[in-house]
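In what follows, structures are represented as structure tokens.
Next come two complexes, and both contain chain A; in the first it sits with chain B, in the second with chain C.
Here is the complex of A and B:
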């Protein structure tokens, strides 16, 4: 099962929902990795005939099953960054009433949600569902660099190389959690890394 | 009185110091011998003569040096001052509020001459004499919020109000107690307070928000908050925590009296007239333990507060590891005598230390 039960947390951490098919003429689905399972769960021939599906496999093998749903448009992107220009182009033409479905990792959903909000679609038009990896997208508070898919705490900033601990604090604007130097008060004293939710 | 401005530093050699005048007017935050969170909001309409509460924007002996420190921080990290695009009008509101308040409250230091939208602003301590057009950004060297808050002590957060909520959509933040404007900008009131322990469960933020949403023009409010800082370091930012965090480990029983500082924030809240935004100045005052101990009442009380503070709060405020050493020091100044109610030092009426 690709569903992860998030433990209770502080108020800035996002809470993800469960997708359900909605009425409407136009539907945009953006999914990565195991997010494919959430799409498969709600897909009906009628819904998919009105859906543009943007999918980033991240090493999974759901593509054939998604294509078999016969979406009106299907795009497979090698990474979110690669898909981003296309997502922006699609949103440029978006009309009021477009229904948006985001599913998969937190990092992808958070970033895509920003794109959707930027073009002025109301948050009520966006549904989300977390599936798959509970890895986090982290911003180093010191150098501001983003490290994607962080699974352990502490971790090494992929930009400045400091050892950072993972704060629960989440910024929707950055679609990232905050990383803070773990050994700032005792240089070199690094706790053994463990899984973020362990 | 005319203020003598100190030439001092808040980093490296730390020449920051408080005069006797500054110690006596220090905003000691504990009105009783214990501390727990509360909304503790009151009207900000003046206070005893000479106190930090008297004027709308207090100016003290640290003004000029604090503004130099702010300029240094901004040179190193321009992200400390940010304003989302819809907040420019609130920036003009803030510029007006500060210029009008300072020129009225400190006419010997600041002058504002207005002829329609043609304004002339004179800031004598900083040597500024500048004519500009109000509401015309091209006539200022920075955006309006940045321009005026480079000339006003304390951090400034400008909160937009919409959907019965406050949004942190602009700010000048260089003297913060370990939070990041760059990370928090755009967040709502509950989101940016999310890391604070206990207070959510106590309903503090719900009540505070309700109060703040209803602040009216001309009726500002204030409260105090506090934490601990080793060395008189203004820029205790998370951005630079990887550099300053280690200073916490330099305390010894010999140096704690002058190295350990009580850090108090005088937080005020003003409604802005055109934008209906709320400005939230967070003014930081620092006082070393040894200077605080010159008031016997404060010595007795600080010991009791720090001793009885829940571990969770001492952890959140970042001094749990140093607390035993603090208590060893502070206990020398607690003879067990009762203390008078309220925050004032009561130097004339409180008994001297009896040990």
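Here is the complex of A and C:
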């Protein structure tokens, strides 16, 4: 099962929805990893015939099943960064009426949402659904470096090496949660790392 | 005192544009600066018309950055309740008047990559200010302006002169119609559409955009409803402990104000939500005319917008 029930949190924490097929002549779906399951859930031959699907497998094996949906266009990217040029070009060329669906990890959805908002679509018009890993994209508030796919709290910043506490405070601009030094007062005094939602 | 803060002004220019539309310029009596505003804002003009105080909203059409004066354009409505006739027939150069601070219920969404303006008739006025604002910000915009005929196309010459590439005109008497469906389809992602004009035009644009998958937040519209005359009725104001009579030619809000009861308002045209009033009891039917309450709220009969809505029946009690 790829769905995860996020606990209640502060207002800055993003709330993801559930995809539903919408009316429209053109659809753009961006999915990573288990996000494939949300695409499979809403896919109909009619919808997929009008859909450009951009997919980042992240080591999963959904590609064949997605291809079997016969999307109008299908692109498989090795990473979000690699898919980014493609995403930007599709958005540049798109017209109003395009329906945007994002599904998979929080990190991918947050970054893709930023791209869509950059071209002027309000975030309220973008559909999202979280699936799969609940790992977070974290920004170190000290060195500003980003660490992807963080699963434990506290964790070590992949840029400056500080021990960071995983906060629910989220930046839409950075598409990242904030990580704050956990042993600032008493260096080396670290709580035992555990899963973020444990 | 309800409504936005007031400014004392004097009429410094009256310019007839065509057989229906006249432009008025206001400057502060004390010679000071007027507040800046954002394109799409309106001001509520107070008119002392015999025993009646009329308060009508008009879109500001001058540059939002020009603090020396404001201009509005008023279309004469011979069938209306008299506000526009008062402006056309009674207001003279040098008259002192009271207007409100600007209030904007039709602002640009500056996150948009492109602004598509659709104007019908006198609905052009808010766009004149928005265009001036966007020109300074180097914004990307396009205007489609539909009028009855060339003679009534206020500001069309000026617009085509200054912005020949952005301005597109349509005249009803030449059977020219905006090709709305294709126009909307061809817009780049991130376009916001703004429509100001008669109700039929607003509905047409909203429905076409929604059928074509435009997000609601990218579709903006402004329609000031003028209160419509209707059958007289009685209202009990519970808090003020008064029973008041609403005449045929006044709105419920105007009747409340006439009785000296302070009631909130901003737009006086059913758009802003400020005047929302709780209904404590009723026996009869509401004539809801606002754009504010949802259909469910209208059906529930627990709220009324006194600036434009009326009541027909035996008894109405308001929490005011």
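As a convention for this text, the second predicted complex is superposed on the first by the 197 of 198 C-alpha atoms of A that agree within 3 Å, B and C clash if a C-alpha of one lies under 4 Å from a C-alpha of the other, contacts with A are read in each partner's own complex, and residues count from 1 in each chain.
The working rule: a contact is a pair of C-beta atoms (placed from the backbone, for glycine too) under 8 Å apart; a residue touches a chain by one contact, two chains touch by 3 or more.
Fair warning: this is a prediction, and the values are worked out from it, not measured in the lab.
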Review point. Who does A:192 touch here: chain B (first), chain C (second), both, or neither?
Key: neither
Check your understanding: Which holds for A:144: it touches chain B only (first), chain C only (second), both, or neither?
Key -> first
Review point. Of the partners chain B and chain C, which touch A:64 in the superposed model: first, second, both, neither?
Key: neither
Exercise for review: Based on the superposed arrangement, let me know which partner A:46 touches: chain B (first), chain C (second), both, or neither?
Suggested key: neither
Point to revise | Touching partner for A:5 - first (chain B), second (chain C), both, neither | key: neither
Exercise for review: Please work out whether A:173 is in contact with chain B alone, chain C alone, both, or neither, and reply first, second, both or neither.
Suggested key: first
Check your understanding: Which positions of chain A sit in both the chain B and the chain C interface?
Key -> none
Review point. Can you list the chain A residues touching chain C in their complex?
Key: 22-25, 91-92, 94-99, 117, 119-122, 124-125
Review point. Which of the residues in chain A end up touching chain B in this complex?
Key: 10-13, 139, 141-142, 144, 162, 167-174, 178, 180-181, 184-187
Practice item. Using the touch rule from the top, collect the residues of chain B that touch chain A in their complex. Key: 79, 180, 182-187, 190-195, 200, 238-242, 244-246, 248-249, 321
**Study point:** chain A-facing residues of chain C, complex
**Key:** 109, 111-114, 184-192, 211-218
